[in-house]
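Paired with chain B in one complex and with chain C in the other, chain A is shared by the two complexes that follow.
Up next, the complex of A and B:
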């Protein structure tokens, strides 16, 4: 049996931020990288399923440059069996999902786990797009998985206000995993060192197609001057607002 | 990162007489144990703050004459050419960093017992010191007054020669000029006693004379206590201090304003247990309102917003720090760079002060293991070399203060990977629950600072909820293992007085408890009456007494010592702690050692009763604060059972232990132990501390020869009378 987990190496802003020369991204020198928290939970969930079901392989897949292998090695240190990197850029959820789809399909997984979202882009779309491309049923925002290893899985979805949506889904399926489902295990130094030595399969990307969007400009918003208080009757305040809007639009 | 514009005012220069101070950060005169006789330790210690951005740094109290000799406590001295030379090193180093140097010229009167010089101190009236009870002064006549004033002038001239920019006529803490001002010390009936003008005369004249001698070149500072809190006998704000400021403001360049006398100077150097930052502002503000010259003052300032506010609201012109400059000499630079979460805040434990109070040792600091080690061990609080064996992974077992400090410094020294593994769900160890004791909340800063720093270190990972046994440590995959598993309070009454357990002391019983059982496990203290057996001597017994009494229990605090919590005398916490216990109705029993503990009572004998009569105190519960034991089980198993071969077989090349699990000690010392190991992790034998520099005289052969022959010649001129 095979469980595939799609993971992302996210970028973390430090205290100082500078932008690239073209003004479209943060200068990589000012970024730290780490395994996406949601994907750590997804990996942990796969590992726990492996422990319960036995005779199961956990494969982690990422899309990115060779620096993103750090995320894969963390998952290997946690106990994943194999890692694959699709050598492509992650421009947006759709192109990322296209890049993943080839590698994931090649593994013929019984279950695919993704994180609900990434901490840096927060689009919340890659997992669901992947399901569409794979032609698999999908359940999003899963906080509990019950599965015998074959047939439908019974999963719980986290809704607002503490409500839980219980869903039965045929497998193979794609599940996007919510944090809080488990406590991702730590890796000791031995496991980290062993993961360093493990070979990661690198595959080229299939055609990523056209990007879903392009970034025109990235910048730090200017510090506001503070609020101006508008006094007067509702009619007077409304008139002030209208004047300000007209003035700013002009 | 950039400075927050809110804090810009702290970086505005200010004129002090003929000198310009580059910003509003002033290191107030404070002791360090180095004086004039450990000149390099002194200079490097002060210069570190100048490097950290302080606009001015002061000596400690600086004796102007052998009559002002505070041995065994360490002061600086400006008696002679040698002292000028020694202190000039400090001045030069401060100037290199653009800081002003200040000398706090001091004459102690009877508070200085002259145990080295064997001189007799002079004072306005002959009353034995309320601080050094056996020391009587000579009552000054007019000649004595002229003599002592000349001592100030001569010392000021020496200070100028050494390179000092600011010269004090220091009276605070009940020293000589303030003794003249204060009826408690001054019973004179001549023109130097009685009315306010008379009592102010000595101080005013001395300032005039010092100003005349050096005032064109040096700024004249006056350090004054506004109120001694002893009523009309003491200095009082309205009656004495403000009129003095008005009278003398014109000839003073900067006012250094505080409160209290010498015998309870914890009202000035406020422990965080009793006072928040900025406690003295009302008095300082009162002086700022009448003075035209700049006013500076301390307040255990750690928060830059509070500092800026004190200046913006007109309460102070300059922010002075003592203890926060010890815990972080780089406070000004960190504020300037907007790196507020890098500030290592003072916790107000007064461990630094305790060393001076004990008399002799150099200072130490709970938060800053490098305080006092700048020259002795060459440690810089912000700079680290990459470890020569950085290409190794380290496992630190236990994230208490020692483990946290060690992991942090190892991280800063570039070790490849450091895993800080902790059984509990968060960092802090013993410092998670100690700050929960009454008044000790600020002590949690020990944990908060390190947590933030550890989080920033990419090569350090914190792993909670993981209790490693010997097998887990062995197979963890680290080349270097450091055990930091802490200590626990003895559960059997073992104590340093009888060197034995106490019959009936068994903390597994419902009516016998240890501090951890109460504070961490939540074990309930049964009934209404509690006896706390305190053979410890520092804060644990009294803190638990305060806590339980506040919760409504009737508490008896029993110690074999003559005083409860004697170490708290050194931290200046004793007077207020005693007042608190008294107001809570805590019964204090001294000189008693328990002989047995039972469900209904504790039986004890008086330690000086040779017949050993027993008395029993009724109690529902007994708390054992007898002594601590190292939690060394893991270390012992690794060292003894697994052994070196067993460890090496798994790739572990080195095993060390730090902190309380080696030997229980002060938090300052466990943090030091973690820091030292990390600084020396790449020496040949890291377990053994490298030698530190002892500043001492090692006369060369020629000097020895010369001195021996000089004495010999003198003996030859002497004869034994028939």
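Up next, the complex of A and C:
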């Protein structure tokens, strides 16, 4: 049996920002990288399924440049068996899904897991776009998975306001995984070192086609009225807060 | 060219985001068509000012199923060729709208909070890089564009309208992901939605061992303790205490946020509070954008001082 997890090395912007010369993106010098939190949960869920089902391979796939391999190595250190990087630079979810589709299809997975969304772009669309390209059923925003390894799976969708929708989904399927479903395991130092040595398969992207959107311009968010800032020592700030609270609740 | 709104409903009730979508559709201009997909679409009232036509798409399923909604939206897009399809950026829409855009090669943007029409083209604004920058995005010309709009970004259209109604027959399809039942998240000991004063804590508290300190502080202040999503995800507090889109929407007289940076989903759940006070070490934290009062400070330092004087 095979489980494929699509993951992303997200880009994290610090306090300072400068834009590229064409104004369509952030200057990469201002970006740090890390494994997307939702994808860590998707990987953890795949590892737990492997532990429950036995005889099962967990393959992680990403799209990006060689710096994106950090995400794959983190997943390998957590316990994934194999990693594939599709060599492409994408920003929108549909182009990303197209880049992933060939590599994922080539694995003939029994189940595909993705994170609900990435913390940097918050599109919440790549997994469902991928399901369409693979011709698979899908359930988005899953916070519980029950599956015997064959036949339909019973999963829970976390709706707004705390309501849970119990869904029976045919497999193979694509599930997008919500945080809170599990606590992603920490990799120990030895596993991290071993993952550094593991080979990552690099494949070219297929025809990208037209993107979901193109960015015309990026800009710093306009400053609103903003908050009235309370200055001073912690004691002074605490006193100001208490004064406001008492006045407003009076 | 028309703008097609896909109504969202749950357990026989139209969800509020539907009325916000109607406002956005009116702003965009052109005939506004609202599609209601369900087993009894006539029982769901979406007739609001500015809606020109309501399309009842009758299907077997009473509740949302992603294949059914995809099938219905594909039929409507083919038949109507709208300029734009507007949906909420919600769990349901995330489950099928990207599939329709992918299949038909349409433009798609999610978590959109501003729209403009330039000539015949739609330009959408959304955030990038963890909401630290905004971006204007454009789409394939001359094709319908699928847009998932951020809940609470537009005011709802609530006045009764004068729309005509069309019935749309849809051939049944095989649904590969089937709704079985709804279950409620376990009810907690307190109802944070009715509290006047919420002390809300987030990722900034760092570790589970800090929770009792804030429970004590809340008690001293006469506040109810609430939390942001990471605290619930970590299993440190029950989901009944969670403020945000996936938790509870609150409207407190005072909302005191300690160590909450202000993810979009969190802000949507608390920004209607009368007075918002935020303490965070990051001067760029998004929560300062909605707070009335803010302090760039270590939350533990402030919490300790508050405990002394409360």
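Some notes on this structure:
Going forward, the second predicted complex is superposed on the first by the 221 of 250 C-alpha atoms of A that agree within 3 Å, B and C clash if a C-alpha of one lies under 4 Å from a C-alpha of the other, contacts with A are read in each partner's own complex, and residues count from 1 in each chain.
One rule holds in what follows: contacts are C-beta pairs under 8 Å (C-beta built on N, C-alpha and C of every residue); 3 or more make two chains touch, one makes a residue touch a chain.
Just so it is clear, the model here is predicted, and its values are computed rather than measured.
In the overlay built on the shared chain, the residue A:32 is in contact with chain B alone; chain C does not reach it.
Touch criterion not met for A:202: it reaches neither chain B nor chain C. When the two structures are aligned on the shared chain, A:15 is found in touch with chain B and with chain C.
When the two complexes are overlaid on their common chain A, residue A:188 makes contact with chain B while staying clear of chain C. Greater residue coverage of chain A by touch, when chain B is weighed against chain C, goes to C. Shared contact residues of chain A with chain B and chain C: 15, 183. Contact residues of chain A toward chain B in the complex are 15-16, 32, 183, 186, 188-193.
Residues 1, 393, 395, 417, 419, 458, 461, 463, 465-466, 475-478 of chain B are the ones that touch chain A when the two sit in their complex.
Those residues of chain C whose C-beta lies close enough to touch chain A in the complex are 10, 15, 63-64, 66-67, 89-92, 94-99, 101-103, 105, 107-111, 123-124, 127-140, 148, 151, 176-185, 196-197, 221-222, 229-230, 232-235, 239-240, 242, 245-249, 253-254, 256, 264, 274-279, 282-284, 288-289, 291-298, 301-302, 304-306, 308-310. For chain A in complex with chain C, the touching residues are 11-13, 15, 17, 26, 31, 92-94, 97, 116, 119-126, 128-129, 131-133, 137-141, 154, 156-170, 173, 176, 178-180, 183, 209-210, 212-221, 224, 226-231, 234-235, 237-242, 244-245, 248-249.
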